[in-house]
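Here come two complexes built around subunit A, the first alongside subunit B, the second alongside subunit C.
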Partner chain A sequence: MKFSIQREALLKPLQTIVGVVERRQTLPVLSNILVVVSNDRLSMTATDLEVEMIARVPLDNAQPGDTTIPARKIVDICRALPEGAVINITLDTEKERVTVQSGRSRFNLTTLPINDFPSVDEITSQFEFSLPQNILKHLIEKTSFAMAQQDVRYYLNGLLLEISSGVVRAVATDGHRLAMCTHDCDVKPVDTLQIIMPRKGVTELVKLLDDTDEPAQIQVSANHIKIQLNDFVFTSKLIDGRFPDYERVIPKNSDKHVVADKETLRQALVRTSILSNEKYRGIRIRLSDALLQAQANNPEMEEAEEDIEVDYSGEELEIGFNVSYLLDALGAVSDDTVSLDLGDSNSSCVVQPKGDSTCTYVIMPMRL
Partner chain B sequence: MIIHADMDAFFASVEIREQPALRGKPVVVGGRAENRGVVAAASYAARQYGIRSAMPTATALKRCPELVVLPGRMALYSEVSRQIQAIFARYTPLIEPLSLDEAFLDVSASTTLFGPAPQIARDIKQAVLDELRLVVSMGVAPNKFVAKIASDLQKPNGFVVVEAADVQTFLDPLPVSRLWGVGKVTEKKLHARQIHSIADLRRASAPFICQHFGQYGEQLQQLARGHDPRAVITERDAKSISHETTFAQDVSDTEILRSVLSNLTEQVAWRMRRQNVRGRTVHLKLRFDDFHTITRARSLSSRTHRTRDLWHTVRQLLNREIANGLPPIRLIGMGVGGFDAEESHEQLDLFDVRHDSDANPGPARSEAGSIDKITDDINRRFGNKRLSRARGLRHPRPGSD
Partner chain C sequence: MTKAPLPWQTPLWDGLISRFRAGSLPHALLFTGSVGYGKSVLAEALIHGLLCQSPTDDGVACGECQSCNLLMAGTHPDLMWLEPEEAGKAIPVDRIRAVGEFLALKGQYSDRQVVFINPAEAMNRHAANSLLKTLEEPSEDALLILISSQPSLLLPTIRSRCQQVVFPQPAAQVSEAWLQAQLKNAVEPATIKNLLALSNGAPLAAQALHETGGVAVRHDLASLWVGVAEGRADPLVCAKQWSELGLPQATRWLSSWVMDLIRLKSGVDPVAITNGDLRPQLQKLVGGLELKQLFAYLAQITETARWANGQLNAQLAMEDLMVSWSRQRTVAK
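Let's turn to the complex of A and B:
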């Protein structure tokens, strides 16, 4: 195995897949990446047994071969080489070592046998569809912040992808708030398909996606999802569980409707949050005629107050929230105007871009 | 000074009080022999036949055919237990109940008002007898450990005071089995090393004890010297709630471990709900056959007192240890800490039923929360452990053969 490659052509795909490699390993080979070279192509694979990512890079005049090399070290070496450097990589099959040479720098890396490298079983696809990359990216970016982290309700530690006739939807919730984004799509599954992609798979996948409308080929099996892009193949196990009935927790008949300028509201809340309790992040929202007041205080009894002009003419209401949840939702709204629909002080608040129902955020209040 | 108050044959005594015809007769409260029941409490008349609590009822009946076997009335005992605690509370707010029938009382701050600790103990003993017609044995000592030994020493109707200066002379002649946590297995190990009395243990070299019993041995030696720094902790002040069980024989069967852990988790969760506290950190404690003890902890994303959430977390901790390979286990325990000091700042949950309101009929009914509520209601009404999770039944009930 022997090939030459420009630093940038190697570094970018390496950095994209190396996030999969866990820093602490149970199996030594999992801290390596699998390198497979054919005449005209280099393919590199990283895995943590749950998520697998393959990056493919075209080569000229390569000598075929394969091995596994330490992932972090090859990334660090590539990154530390000067811009534009040409890197020559050679496998010494006898000594089972890889030489990385560039200019006057030489590195000798250990290898591990490729047979030790775990490969994901070939998945038997039960449903296939294709989605423009930018739309998949949009669905994830608008929702993934609400995923739970290490929750005992393990099925919340991931992102729900729901594919029904003509529609793809992403939903994430940690039980305190929920984010949902829906997009039209040319799909016709027999039944509505629900899969839960684990948190790590979601955060790694989004790094592969760009803003072009190049198609992402998606295959779903009983316990895997496989997504093929031009230069990458992404495979992730699915969470084996049932996502809660999220539609039931989206209130349909809230009687208090607020319309506000998103950026004004967001900035006011950012300022208020400075003096909220650092641990609980609670703020009080008071609604009255055309006015939204935000108020926070901390254990030192310092206090912040903001008056925000809004479009509101309903009953007065006082309600508490974790300000981070409000800010996350407002941050995900791309429109200039945002609507907030509320019930009473124990009922959830629905945040939506004004006049756009493709993204919905539901936030449960906090008792203050 | 600390008082340890321990009711004499509590369940049986309450039954005899209710049915005076039973006075002087051998009486036990427990499950029926036909149902492979065990004795929960035995009157002192019954104990003369060698009948002990945790003995199968069938065995007890063989030893004493005229034995009166009564089914337990947990609701009644709980009520009487509350009356007893109300008497304690006249003398000190620092009460740490260990179970329905025993409690520690810290009376150090009560002496100017009610006289010296022994006097307070006398007064309580008399009040329990006069008002409830029940006998309580009292141990009065500078710390919890010595007070507990003292209350047990002259049972029934015991009353033992150990002044600070007398602690060592009091402890020295006692057998090591009197020490907290020393059961049959540890006793045997100590005997094998020529350690019979508490004095023997106290005089043994620390490295020797450490070599054979590890950190636990150090604790034992501290106790043998009469050192016990633990304070009386009222339920209200508890920073964590935990339960643990020492097995009569070391256990390797992981199903039994899971089953016992499930029971412990139910007890802890029930106490949390009763005190209305929610915790964030879940601990698992394991002591191996070589006395080496490990604890594992995990934090939750939000505070809870739901049995199911606590169980899932502690089960994960146990499963991980099982996967790593476990030596035989002599003690298993679980606890929950990280309580919310501030009642406010309660983040409501989307999938929780409590927060339903007319404006928002949304949230799905929370199954786990309602199971807990029903279980608690039934157990409050009909006595503890009437309703429990089936996985907790896989092991023989504690104490049965």
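Let's turn to the complex of A and C:
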């Protein structure tokens, strides 16, 4: 194995995939990346057994071969070399070492056998479809904040992707609030397909996606999801479990409709939240004619109150919420105006961008 | 080299493999039996066999497929291998929590994910408690294998959530033949018999005893121990040497010898004892000892053995045992 490459052409893909390599590794081979060179292409694979990322870089006049080399060290070496440097990488198969040479610098790295590297085989795909990258990114960004963290209900520690005829939907919930984003798409699965992507996979994937409408090829198997982009292949294991029936959580008979300016409401809530209980983050919302009153107090009996002008005409209502959940939902709304749909003080609130029903946020009330 | 079960384990192996093929293997197995019966050898062979992509007709791993390569490199993504970082140390709670996270995800190569915990009693209280949730309702494709030579130290709630597989003592002939082959016929049959007798018939323990030169060490320690009883040796010096052996082994030997003393004291000649080679020394001691005191001492050793795998300081524990032992003789006078 032998090839030459520009520093920048190697560094960027390396830095992208090295994110999945965990710093504290119990298995030595997992702190390495798998390097496979063919005549005109270099492919590098990093894995933590949960998420696998492959970066592909075109090469000229390379001698084919494969090995595994320490991930962090090769990144650090590339980063420390001067800009525009040409890097020559050679594998000495006898000594099982890799030489990295550039200008007058030479580095000798250890390797580990490629058979020890647990790369994902070709997955037997059950369903394939393609989605523009920006749409996939949008679906994830609008929902992923609501994923649970280290919940014992392990199926909540991830993002549900649901593919039904003509529609792709992302749903995340931690049991207190729910985020859902739907997008039309030219797909026709036989049955509605539900997969849960683990948290780590979601956060790594969103870093890979660009705001372009270039397609992302998505393959789903019984155990994996594989997403092919231009220069990267992303594979994640799936969570083994059933996602709760989220449709039941979305209230259907809310009779109180509030329309507010998003930024005004958000800033008012941020201010009020300063004096809410630091642990429970409770906030009291009072609705009356054209007025939304937010009120919070903490254990020191300090109190914050703010009146916000809103578009509302209905019965008066007093309801409590965790203000962080409200702020998260408002933060994910990209429209200027937002609508809140409420029932009584014991039913959940639905937050939606005004005039756009593709994103829905459901927040459970809190007893104050 | 493929991982295969040991010769005396064939019935257990066949039973497990036929249940696996019939799809009736439970989600959690608890392997119990004395140290040196080869519990973890069988467990490892079973794990390799289950994860192998093309196992042989009798269920043993092929040793050539991708899965076998990764298993031998210790990097198989569908296997979680839990052992204390150092022998005698506990398995902490965060490593057990990782089991839950591991089983929450689907497998990479096969539909089966295996967790191996050896020894199960090394889990500290928090770790054991956090395993309960996973043991109670693991995902469909999970198999947990727990190994324990002292299942009585496990939480009853852990025991009741596993199906126990009890390893019987191997037949003497099989063990002798196996040990003979392992030691490349370099030792006399009588020595083999002696090694097995000293290890309570556990072939792997006998092999370890031979390889570490344990027989000679044992004789040295025995004469020291007898010396303490006769008031010739300093109990603290004796304790220091004994503690180098490690508490689990030290307490096993001590309790075996004290049991022999009890047999000699209460039995009628000729008494059958386990440590035949120490008979003259033990016989000499018997006269000055009292049966009641011996039983109390045995209870003390057993109590120490219970904690031997924990955080107990070996030196202090041995000093305690040796000082008590030096008083036995005084009491007898």
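Keep in mind that, in the parts below, the second predicted complex is superposed on the first by the 359 of 368 C-alpha atoms of A that agree within 3 Å, B and C clash if a C-alpha of one lies under 4 Å from a C-alpha of the other, contacts with A are read in each partner's own complex, and residues count from 1 in each chain.
Going forward, a contact is a pair of C-beta atoms (placed from the backbone, for glycine too) under 8 Å apart; a residue touches a chain by one contact, two chains touch by 3 or more.
Model, not experiment: these values are computed from the prediction.
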Clash or fit: what happens to subunit B and subunit C when subunit A is overlaid? clash
Look at A:D240 in the shared chain and tell me whether it touches subunit B only, subunit C only, both, or neither; answer first, second, both or neither. second
Contact-wise, after the overlay, does A:L49 reach subunit B, subunit C, both or neither (first, second, both, neither)? second
Touching A:P113, do we find subunit B (first), subunit C (second), both, or neither? second
In the overlaid three-chain picture, which partner chain does A:V152 touch, first (subunit B) or second (subunit C), both, or neither? both
State whether A:L27 touches subunit B only (first), subunit C only (second), both chains, or neither. second
Identify the partner contact of A:S347: answer first if only subunit B is touched, second if only subunit C is, both if each is, neither if none is. first
Subunit A residues in contact: does subunit B have more, or subunit C? B
Considering only touches as defined above, state whether A:S254 meets subunit B (first), subunit C (second), both or neither. first
Name the stretch of subunit C, from among 6-14, 114-122 or 186-194, that runs into subunit B once the two structures are superposed. 114-122
Based on the A-chain superposition described above, do subunit B and subunit C contact any of the same residues on subunit A, and if so which? 152
Can you name the residues of subunit A that touch subunit C in the complex? 27, 29-30, 49-50, 113, 115-118, 120-121, 152, 154-155, 157, 198, 222-224, 237-241
Complex contacts: residues of subunit C adjacent to subunit A: 66, 69-70, 73-77, 100-101, 103-109, 111, 133, 139-141
Could you please specify the touching residues of subunit B with respect to subunit A in the complex? 300-302, 309, 312-313, 342, 344-351, 355, 357-364
Which residues of subunit A touch subunit B in their complex? 148-153, 173-178, 244-245, 248-255, 277, 280, 282, 322, 343-344, 346-348, 362, 364-368
